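Next up: the structures, one after another.
Next come two complexes, and both contain subunit A; in the first it sits with subunit B, in the second with subunit C.
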Partner chain A sequence: MRLDIRYRETWLHQTNPTFKLLVMLSVFLLVLFVHNPNVLINLSLGLLLLFFFYTGYPMKHLVLFFLPFFVIFVSTASSMTFFGQGTTTWVRWGLVHITKESFFRGMHLGFRALSFALLGLLFSLTTRPVYLFYSLMQQLKVKPKYAYSFLAGVRLIPVMLEEFQTVQNALKVRGADEGGPVKKMKRYAVPLLSQSIRRAQRIAIAMEAKRFSEAKNRTFYYQIGVSRYDVIFLVTMIGLIGLSYYMASVFPYFPLTDVR
Partner chain B sequence: MQKGLKLTDILTTVVISIVFGIVYKLWGPFYYFVKPFGLHIDQLIYGMWFIAATVAFLIIRKPGVALLAEIAASSGEFIMGSEWGLEVLLYGVVQGLFAEVAFAAFRYKRFDLFVVSLAAIGSTIGSLIMDFYKGYIEALAPWNLALFLLARFVGAVLISGVFASSLVKALEATGVTQLVRSASKEDFDQLNR
Partner chain C sequence: MYVASVDELRLKFPGTDTLLFEDVSVSFTKGEKVLLLGPSGCGKSTLLQVLSGIIPHSLDVPMKAKHVRIPDNWGYVFQDPDSQFCMPFVDEEIAFALENIGVPREQMKERIEQLLQAVDLSVPPHTNIHTLSGGMKQRLALASVLALEPDVLFLDEPTAMLDDEGTELIWKTVKRIAHDKTVIIVEHKIEHVLDFVDRIILFNDAGEIVADGETSTIFHMYKSFIASNGIWYPGVWEDYLQQKKKRATNEERQEIIRLHEFRGYRKKDVKIHVPKAQVQKGEWIAITGKNGAGKSTFLHALMKLIPTDGEYEVEGERLAQTKQLARKIAFVFQNPEFQFVTNSVWDELAYSLRLAKRGEQEITEKVEEMLKRFHLEAQRAQHPYQLSMGQKRRLSVAAAIIGGQQLLLLDEPTFGQDAKNTFALLELLESYREQGTTIMMVTHDEQIVNHFATRRWVIENGKLVREETVIMEEGEMRCEIGYSLS
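Entry: the complex of A and B
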């Protein structure tokens, strides 16, 4: 979600949202089948470059966005490193058993999580949800009743956050903010959910009252098309993947081609 | 009768799911905060990521709602900039699909704790399939893998089964669920008396 952070529009913003999503999903699936850590490290570095230089956000914010990913990297890598199977023992300490195999597999998983996170962030930082859903309706023929429901839902996120604050304050004022975690969760969830249901009802009725219909030939306020930026994006992604494989075979970091 | 879900159903499902999308997003930091404690304690709370499907289905009680809810919640999480990025979308689809299968197995006629727990287990299986491809979980030491699986299943049933159904019971007490559910047989019986 982009809050009120100023950013510069780059070519990544100009690509067609649906096309961008499909390309990124393909890269995601490809990464699932990459078992060579050298390739994955190269690819992550490439995505990192895109993230830092082509999302158009100030460096300060980008570093801030990036921090949680580092934690994900460490936490994903650690459990496989400590508890994975392997034959070449490095450290054995109680239940922890670090082997060469589990270490590399752990690192590989860390980089995999990192590349997934970067793909996601590249997308969400450079795509306006409104354009995404309009594009899904126009290019993928998603039914308007689904797309507009999602749009309404996305629009309600700030309202819900505000409501959460209200509930929190109300509970505090009444001195009702104590109790176990389950009780507490219910105390927040029930008002938030019931208000959401009521709100959704009102929106749906209003939409139908204004003749929201399933007509085949509807017109759109935003016309989202395909442009040369989509070609640039596709070429960049293919180039990145090709280069990752090429560099991995010419200058490998580790003499290892499969972590399984 | 219109075929499929109506605008009202879809909108309600999506809006409820967006609430859970926010929870999903906040659950991420909590999850990796718990993780360093080790021994897969984190897997106990993994079940929260399946809750949108079960709660939405219990509220609206129509075919397709569980899948839609899980997709909507995960895209909400994704749009808010999830730490896991794109993978949440695919996990969402798979988990929703498996929850949907559980509800469909009873022809969308049962709304009790049993079927909800079954849906939670279904979602867990869905997530494990994804983990199998993504996380090489089969390469964990056997005792560790067993602990991992046990924690995830137990957590899922507790959170997305037991907690979800008690949450919907509390919602029913407020009366809002009457807005979205279609009239049941009992309602008609009431009129015929």
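Entry: the complex of A and C
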């Protein structure tokens, strides 16, 4: 099983990973405190644009990545719409009670979930873990000890997925793929964990055998710096937010500014 | 002057009763090429780790020594190609070593290319390590160790997980790059090493040094000791065949498997295609081919672990599900550990029988018989994970075939096993074959194909392209074999 999908490098890939992380975190926080659904819808649309046109992945994959989050969007929005409280009743049908307030809150919540998901996707699709950790070491002075441990861990994920499949086949052949969830868990967990723990220890020893812990003047293979792409990124994000607010006040979708 | 030495070493693994080493002293001079030889589990790798300082600096094992001299600049290549890298790409992995010793960034690209050239690894530097074969991974491991510019190289069974071709390439590379370095080697397959090392140190089961001296002297004087300890020495097959009993040929011709335009798929791509093939009862079919040709996939398809189409009959029946097939076919995976589902050897053997709801008495009888046949009587209460490599392998075969299946599929069962365990396993399989069990086995080992298989199927690029009958030599002597198992 391979996890590598071909993609084209875009300016989002060229942005400094640490900087990108910090900007995205601030947008994340900002979204938490936006109470105007119009702003949120505009922002989500903007992020959606970035996601579909500037991550450099083929459309087929993008749609696939997006699908689970779209389901989350629909389910959060609809459950709040159907079951939320409100005073201006639109539809009442058994347990379902749609009010004007619950509808707006539902929309708001849905778009909030969507923008969180898009922020996460944008970041993870355009950031190689290796660059992120190099950048964290260089810009935020994260200790190499932690950075490289994470990187070694990232390398183990595809190996574990492969092993999971092997265990699945082996259990099938032995007729041991039935039984309760606890029993099944144990059957998978024991071989997978014991294998991973041993492998992790061996990798750790191999790393130390390459003088990892003795390194005093560590140099870096990748020099991750700041470039004009970071400026472009910051301007884009600020522009996006500004535009969202401006459009929300000039061309609002709904005639309200606070869902609380 | 010694570059590495240890004086009166005492070492004990926590949880064991006996000392692994008791007052062992050994030293190495500059430029020496030394081979440490001994039975599996005698502590050779541990000694290598003490000499390099991995014990006790990285691995905390209680040890005491009068004096240890660790080389100033050393490199260590480990056995397992999959657990010695921490980065995803070839260039990043080598760069990791360069970073550790503080090589300036501007020089790294050039150094990486030189190192890849030195180990004859002709891939673009930015290649995903995941896509390399085992042999290439080990050469990458060598390259990243060379990046440290070591004076002393420790090689801890670097070819244990490799096929013949990979093994040969590794040693060719080592010979080319290490002529001016001190090299200390632990290895079980010594054919390609003997003409490189000038000194052999021989250990016994108890971790004591039996002999220490010039290669040719030691190899000739202690040949029988080497042979009895499961080491793959040159001529091991000839010696073994001398005492192997003649094969009983199976005359009855009864079809057990029939394939016609059989295809196996992974993600909708045809990964294995068998235009037409048949297997007779009592045959031993060796499935051979290059890495990635589709040999394992073929076995998976036969077990219907992947989607298939085309005609496929087992004993005249068409079976659609893995579950139904598992009643007729036993399957042994490459890594035995993944197959174990219980907490003791006894339960492991009883598992399939209990699943089939056999009577308790029948189960007891059958399990006892298997314990004896597979030499696992002393381990009956142990957890399968605590067994040695050879024992695990035997248990996985025994547990797979205890249901009385007439067909046995094996995926490289002798991989990484020492000579003693390999021969023991092959003989067990042969004894089943003589009783009419059919064996289909993926292997890289030409000797096994020539001396055990009755037919060879060659798979190339996902297609069965050739069938060859293996001609058995005349004049093989009949006598009981003398490989004792522990």
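Convention: the second predicted complex is superposed on the first by the 252 of 260 C-alpha atoms of A that agree within 3 Å, B and C clash if a C-alpha of one lies under 4 Å from a C-alpha of the other, contacts with A are read in each partner's own complex, and residues count from 1 in each chain.
The rule is simple: a contact is a pair of C-beta atoms (placed from the backbone, for glycine too) under 8 Å apart; a residue touches a chain by one contact, two chains touch by 3 or more.
Only a predicted model underlies this, so the values are computations on that prediction, with no experimental measurement involved.
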Requested in this report: Assess the superposed three-chain arrangement around subunit A: do subunit B and subunit C clash, or do they fit?
Outcome: fit
Requested in this report: On the superposed three-chain arrangement, identify whether subunit B or subunit C touches more subunit A residues.
Outcome: B
Query - First, second, both or neither for A:T219, with subunit B first and subunit C second - result: second
Report task. Would you sort A:E208 into first (subunit B), second (subunit C), both or neither based on which partner it touches? Result -> both
Report task. Go through the superposed model and pick first if A:V154 touches only subunit B, second if only subunit C, both, or neither. Result -> both
Query raised in the report: Touching A:V130 in the superposition: subunit B (first), subunit C (second), both, neither?
Result: second
**Report entry** First, second, both or neither for A:L121, with subunit B first and subunit C second
**Finding:** first
Query raised in the report: Looking at the overlay, does A:L193 come into contact with subunit B only (first), subunit C only (second), both, or neither?
Result: first
Query raised in the report: Hey, in the superposed model, what angle do you get at subunit A between subunit B and subunit C, Cα centres, nearest 10 degrees?
Result: 70
Report task. Would you sort A:R105 into first (subunit B), second (subunit C), both or neither based on which partner it touches? Result -> first
Query raised in the report: For A:L171, is the partner it touches subunit B (first), subunit C (second), both, or none of the two (neither)?
Result: second
**Report entry** Superposed arrangement (fit on chain A Cα atoms) - minimum subunit B/subunit C Cα distance in Å
**Finding:** 7
Query raised in the report: Which subunit A residues are contacted by subunit C in one complex and by subunit B in the other?
Result: 152, 154, 194, 198-199, 203-205, 207-208, 212
**Report entry** subunit A partner contacts - residues on subunit B that touch it in the complex
**Finding:** 6-8, 10-19, 21-22, 28-29, 32, 35-36, 38-40, 55, 59, 68, 72, 75-76, 78-90, 133-136, 139-141, 144, 163, 166-167, 170-171, 174, 176-177, 179-180
Report summary line: Note: in the complex, subunit C contacts subunit A through residues 52, 54, 57-59, 75-76, 78, 80, 82-89, 91-92, 95-105, 108, 128-130, 144-145, 148, 300, 303, 305, 322-323, 326, 331, 333, 335, 337-341, 351-352, 355, 385, 399-400
Query raised in the report: Tell me, which parts of subunit A touch subunit B in their complex?
Result: 1, 24-25, 28, 32, 65, 68-69, 71-72, 75-76, 78-80, 82-85, 95, 97, 102, 105, 109, 112-113, 116-121, 123-125, 129, 145-146, 149-150, 152-154, 156-157, 160-161, 164, 182, 185-186, 189-190, 192-194, 196-201, 203-205, 207-208, 212, 259-260
Report task. Under the touch definition given earlier, write down the residues of subunit A that touch subunit C in their complex. Result -> 2, 4, 130, 148, 151-152, 154-155, 158-159, 163, 166-167, 169-176, 187, 191, 194-195, 198-199, 202-221, 223
